[in-house]
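There are two complexes below, and they share chain A, which is joined by chain B in the first and by chain C in the second.
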Partner chain A sequence: MSSSYVGRSGAVAARAIDGQTVILQLATSALFTLNRVGSRIWELADGRTTVDQIARRIHEEFEVEAPVAALDALEFVERLAAQGVLLLSDAPLNPDRHSGGEANATNPR
Partner chain B sequence: MPQILDEVCEKAARQRIPLTVHLDLTWRCNAHCIHCYLPDHGAGEMTTAQVLRLIEELAGAGTLFLLISGGEALLRPDLFEILERARALSFAVVLKTNGTLIDDHAAGRLAGLSLYRLDVSLYSHRAEVHDAITRLPGSWQRSVRAIQRLTAAGLKVRVVNVLMKANIGDAAAAHEFARSLGASYTLDPTVTPRLDGDRTVTNLGLDLDELRSALSDPFLAGVMRDLCEAHGLPQAVRDGPLCSAGHYSCYVSPSGELFPCIQLPLSCGSVCEPGFKQAWGSQDMEAIRALRLNDLRDCQGCALLATCTRCPGLALMEGDLAGKSTLDCLKATALATVISPA
Partner chain C sequence: MGDVVVNIGNLALRFEILDRAFANMVRRRYAAFLDAPEAALRGTFQVEPLPKRYTGDATSPAPDEELSVSCTDGSWSISRGDFRAEWRPAERRGSVRLARGIHGFDSLLRIVHSLELAQEGGFLLHSAGVIRNGRAFLFSGLSGSGKTTMTRLAPANTVLLSDEISYVRPAGDTYIAWGTPFSGELGRPGENVQAPIAGLYLLKHGAANQLQPVPSGQALGLLLRNILFFAQDADLVRALFEAAWRFISAVPAYHLVFRPDPSVWELFP
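After this line comes the complex of A and B, so read on.
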């Protein structure tokens, strides 16, 4: 799972507001707010970056111990992927397409 | 979601972030609704480039919810280009339309854009009542067909109705009809004066007895109660903003004028020149932001505050921003006799 590529679902609306990211899942109207670290993971989830690579960036940018960053990043990504907000794939994803949901993913997990 | 949304709205208001923007793209419409708030001949429309620049600026300013309307927005040949750009910029886009121009092809294109919702105007479950309001023969049939196409394509559709003398008897059946089409529904008993200040359209709205009668519909009573609750407790309101207008929401006319709200026709400058940021931060907008209940002379000590939706824009259109809005007084009086105070 840590080698999976992470992308943003096209079925959401999102905006950075005062250090947070606000994400609206369009189909369900569920609203999520991400803190600074979560917002950075959201930015990094461009479909060409893996969970491992994201964890490394979090480790470097937020002075989080590498094993902790790895676990936290994986848990965060899996949780949002379960909600359909992030997409996980064995292969790079087409970034920021807006056809929505798992249709963006190849071999979605 | 409501609690998170409330927190986001509060933060946006504190930070002067235009979280919600209503953008009308055109004055033109193929219908001629008797109650329309737009003047017949508005002055100019923003070009495609100006609209695209505006929505880029809005994305940077923190706008998340973008309501696109008109006139009839589908009359703009560049509508899909604008919608595609808005989605690429990750807005939650609501498109408000009369639906009459949405064929299978258009419904398919809209479905591919992951819009948040389609709002379709429908004033009755009866074609003759709806068509008499739109003054466009056959419009009911076309709008209903559009709703069916859109829901079949997987889009969320909300039927938007305005309660007037012309359709007062149809409110409950219209709600049921919307449900049968797979759409959600909203109903507003406010006929908004025209943007150019012409108030004659408000004569189409309900009088006190008609409002009281209409409020026997639990759905409408619930909508109105929610609106009152959104205004908070009277004491809190005295020290807080009167409404979202200018705090975290605003309206942009087809020609690019910025207003605090569609119901508050106080131009705060052009979003084209010098730009949205300057108009949003203008002195006129700041004056609206500074308004508090304590500033509304005629409302001090009013026993109807708990059932009042106090719209400063409606008051302005009666001549005084800090005066009474008789339309709201009417609604508050009717509500007070029907529902328990918030």
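After this line comes the complex of A and C, so read on.
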């Protein structure tokens, strides 16, 4: 799972504001508010970056120990993927296809 | 037959009502919100009040039907137990069959206004609104949070916009609140006036009166919970999300912890 590519679902609306990111799932109107670290993971989830690579960036940018960053990043990504907010895939995700990307995504659970 | 133009927030709809008594009821209900300049007219609805609550044919509302709002090829279908409507914005035409009584008509107005407002970055908000010294203050929260209480406690030099639903429209870099005829427990409509919005105040009961700034991310989430969403249409939901984000970027938001007595208004000079 740590080698999976992470992308943002196109079925949400999201805005960064004052260091947080607020995400609204369009189909359910469910709201997600991400803190600074979560917001950074959201930014990095461009469909071409893996969970491992994201964890390394979190380790470097937030001075979190590498094993902790790896565990936290994986848990965070899996949780949002289970909600359909992030997408996980064995192959890079085409940014233009994120809205219909479920066909390419693997469910982490 | 009677024509009635209902103008809320400078967005007017003409209703061609196939029943004189129903038309008179609408005129009485929206007495402070009748007529409009031609430029404000957004469209025309043909209104057919039904002789009974349910007539049994396919185009009549079914009594137990829950609200459904959907869009197909730019045409909105809106139905509930007491009305069934269509709204075609591109043609500026709509039609509704509804049970007698103002409740269904009132709901239809809210829904059509929310659909139209979303196209221009505005929205209807569960909030009481009051103008004081030329500025509008919006007090938002769910039922029981104190919206009506804030309006009841308001001093004499305030003007009521609504104790239930505020009408929010962008105007350049700022936002304007308009009065609405939609009332809650107070049971009286707002005045048909407008003012720039000074702030959004998210209500909390407490022992002492206090204003606490709300971080923007949290404010956006709280605002979204109080915007009237009638449709699960993805484009509409996205438009409302963007509207809420722009609003929070332009208007300060606070938690208003308040004791339910007139002293709370000292925070709003």
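Keep in mind that, in the parts below, the second predicted complex is superposed on the first by the 96 of 109 C-alpha atoms of A that agree within 3 Å, B and C clash if a C-alpha of one lies under 4 Å from a C-alpha of the other, contacts with A are read in each partner's own complex, and residues count from 1 in each chain.
One rule holds for everything that comes next: a contact is a pair of C-beta atoms (placed from the backbone, for glycine too) under 8 Å apart; a residue touches a chain by one contact, two chains touch by 3 or more.
For clarity, every value in this text was computed on a predicted model and none was experimentally measured.
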| item | value |
| --- | --- |
| Clash or fit (per the criteria above) of chain B with chain C on chain A | clash |
| Which superposed partner A:15 touches (first chain B, second chain C, both, neither) | both |
| Partner chain in contact with A:30 - chain B first, chain C second, else both or neither | first |
| Between chain B and chain C, more extensive residue contact with chain A | B |
| Chain B/chain C common contact set on chain A | 11, 13, 15, 17-18, 20, 22, 24, 26-27, 29, 31, 33 |
| Partner chain B, residues of chain A touching it in the complex | 10-18, 20, 22, 24, 26-27, 29-33, 96, 98-100 |
| For the chain B and chain A complex, residues of the former touching the latter | 1, 4-5, 7-8, 11-12, 15, 17, 19, 59, 62-65, 87-88, 90-93, 112-116, 156 |
| Sites on chain A touched by chain C in the complex | 11, 13, 15, 17-22, 24, 26-27, 29, 31, 33 |
| Contacting residues of chain C [partner chain A, same complex] | 215-218, 220-221, 224-225, 229, 232, 234, 237-238, 241-242, 245, 248-249 |
